[in-house]
Amino acid sequence: MSTSLSSPTQHRHERPTKPKLGAKYAAATAVLLIITIWAGIGVQVDLPAIAANWRNATTNIVQLLQPDYGFFPKTIPALLETLQMAVIATVISSALSLPLAFLASRATNPRPKLLAAVRFLMNMIRSVPDILFASILVAVVGVGALSGIMALVLFNISIIVKLVSESLDGEDAGAQEAALAAGASWPKANRAAMLPQILPSFASQVLYTFELNIRASTVIGLVGAGGLGILIDNVRSFFRYHELSLIILEILVLVLVLEALSAWLRKKLV
Amino acid sequence: MATLIAQQQPTARPVKPTTQLRTTLWLLVSLIVVAAFWSVQIKWSSLADFPSQLIKYLGLMLFPPDWSKFGEAFKATILSVQMAWIGTILGIIVSFPLSFLASRGLAPRAVNAPLRFIFAVIRAVPEVVIAILILSVTGLTPFTGALALAVGSIGTLGKWGYEAFEGVDPGPKEAVRSTGGGTLALIRWGVWPSAAPEVLSFWLYRFEINVRASAILGLIGAGGIGKMLQDNVQFRNWDAVGMLLVVVVVVTMAIDQISGAVRNKLIHGTWRAPRRAS
Amino acid sequence: MEHTAADIRFSDVSVTYPNGYTGLKTIDLNIPAGEMVGIVGLSGAGKSTLIRTINGLVPITSGSITVGAHQLNGRGGAQLRGKDLRELRSNVGMVFQSFNLAKRTTVLNNVLMGRLYHTSAWRILLGAWKNDDVELAMSALERVEIVPKAYEKASSLSGGQQQRVAIARTLAQRPQVILADEPVASLDPPTSHVVMRDLQRINADLGITVMVNLHFLDLARRYSDRLIGLRSGEVVFDGAGADADESVFENIYGRSLTAEDVLDGQAVL
């Protein structure tokens, strides 16, 4: 059987040589490997220690698998506070971030300097972990839900503004061009022609932020910013693993239920 | 006057439609929001002092920051980044095969469903909580932090992975099937080539998230910048906190820039994001 | 304020783009109020540039354009900007090749965009249009015969319907001039005729000056009183459509007529 598909009378063309990517890939792999080894040494990767600790840990794990349901009534106020914080932070940050998103998009802000300034500010806020804001704000406004809400708002704004301004960037600007050609100013054209286009993506961003907030509001309590986190910090310090596992279970159920709810809402509203 | 535009007598105007479900949902959402504001225990009056307080603390932190501990801060930051890196690598190693198994059409439903549920559960638990759980096994080391980040990464990378694999253009998949390829051939030649840029960029994105999360893990004692920060906040060394803030912002922004450039290279083929086609 | 028409006058107008490309070369044109003008030429000949200089979407490099009471100048001259530029634009409607509708909102909201210049900022922010403007928008939709679709999303309409909504949007401006930049290039032949007839009736009934860029020669000849041929940014023909025979078109296009140059698919006029 002949391997040639071409007709025998045809002149055989020279075969092109395979482009040499091998060296490039090898170099990239080597770099990644070196970084990984360097980082591994840095964080003291120690698998034998884990194996050794395993026996001590079993008692803890057994405790964690038996949540203390009797503790539930005591968690209700903190649970409620977590929900309140998440709702309030979501509302405030979505109201603030919508106009900021229009200032942060090339498609809706014709002033390059203002655009660069807003973007830089947002990048800066986004690079600070939410818990860092929380620990500073706890010092400034005191322990409690207010500092937590403010930390969440700061963090949320940077996320919503980034994602919504990106969807503005990618939006077809035809209607905006038409509005400008009809004598509208930029703010008017943006409101009338661009806002309706990105409302669905804004709404789904807000719901996503709400989910993030439920999760985050359980964490920022660790530094005293209200919610379930404060409770986690308490029971953890006293090694009360039965209670800890109940709180974790509560977070789990809360987040999963709200995620399902927000997925449903997204379908209905968007 | 308005009728001058149209040549004939005005015809009937359509009635503005209303949707009942939407209205009800909006009312419900508004009600929840009002209830939250009304019931939350906050002294809103303390907001009045906030601007002056903020200026005061910003002054304490940043004018000027205390650079004497910069060396220590730099080392702590490096450790945080190393934690994030190891966490991401371990997360990738575990989540990569799992996300194929979680994709519909690449593995049986009986395998898809439980994996997806596990991803969802992991995503529901904050990294700090994962770290507290792991802590009881490993003790307090940076490696604990890295492991917590790894577990957290499995949740998101697993989900993004199967969504990417399921979202690939069916054309190449059909082509592989039509030449008689099996599931492995399908994954290697029908799915991976289309999904690869997206998946690689998700890995980088998760690394960016882990860099931020690693700072949080320091709070429970996993080491790195978070621990140093917590210590300085506790002792109210505001000028040192200011310095740490600057270090965190600069390092995180730098990593975002690099990672963002690599992601653009992977997806668009250029280091910088392409401008919108006009 | 009624549909008062305005004369348009180009004096020695040139446009050079920042990359050095010449869009228009020393154009002198006088377009009296109420004319229906077709502009033809190859792509890149400057049709789009010519139309977009009239409402200031493309700034001119030298020379001047007067549109009614407004004047646009080249570099060095007094620049029309801010409120004055917006007032000029509010008097000039524009129809685009790709319709340029906000697809996720209603047809009515799209038509009302023609009223943005005259509506206060807070009304726009809240979406609280004046009743008079809503009625004006409805009667504009009436003229293009799609009133029943007023509360449907723009995305649910066919291409031809979308372009007619875009025409209604310009009517809602109560314009003196309507500029149409390849309005039928995205439409099939029967729909193209419907849209062109709409523009023709608007010109005839309301006395609004209409300037249309067209790729298809037969459409241009059929629907316009006056034909302007552009080649490499210069006017190479200006006269009645009936006078434009095949030799004139060969001059405009630099080659003989092909089936692709006419809507009906035959290489004859």
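Lettered A, B and C in written order, each chain numbered from 1.
Rule of thumb we're sticking to: a residue touches a chain if its C-beta (ideal position, glycine included) is under 8 Å from a C-beta of that chain, and two chains touch if they have at least 3 such contacts.
Everything numeric here is computed off the predicted structure, so don't read it as measured data.
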Pair with more cross-chain C-beta pairs in contact, given A-B and A-C: A-B
Longest centre-to-centre distance from chain A, chain (CA-based): C
Distance between chain centroids, defined by C-alpha means - chain B, chain C (Å): 47
Chain centre separation in whole Å, for chain B relative to chain A (CA means): 3
CA centroid of chain A to CA centroid of chain C, Å: 46
Chain B: positions in contact with at least two other chains: none
Chain C residues touching chain A - in the complex, by the definition given at the top: 55, 57, 86-94, 96, 98-105, 109-110, 112-114, 116-117, 119, 121, 124-125, 166, 169-170, 173
Touching residues on chain A, where the partner in the complex is chain C: 172, 174-175, 177-185, 187-189, 191-194, 196-197, 199-200
Chain B - residues contacting chain A, complex: 21-22, 25, 32-33, 36-37, 39-44, 46-47, 50, 53-54, 57, 61, 78-79, 81-83, 85-86, 89, 120-121, 123-126, 128-129, 132-133, 136-139, 141-143, 145-146, 212-213, 215-216, 219-220, 226, 229-230, 233, 236, 241, 245, 248-249, 252-253, 256, 275-276
Complex contact set, residues of chain B against chain C: 2-8, 10-17
Chain A residues within the chain B interface of the complex: 35-36, 38-40, 42-46, 49-50, 53-54, 57, 60-61, 64, 80-81, 83-85, 87-88, 91, 106-107, 123-124, 127-132, 135-136, 139-142, 144-146, 149, 169-170, 215-216, 218-219, 222-223, 232, 236, 241, 244, 248, 251-252, 255-256, 259, 265, 268-269
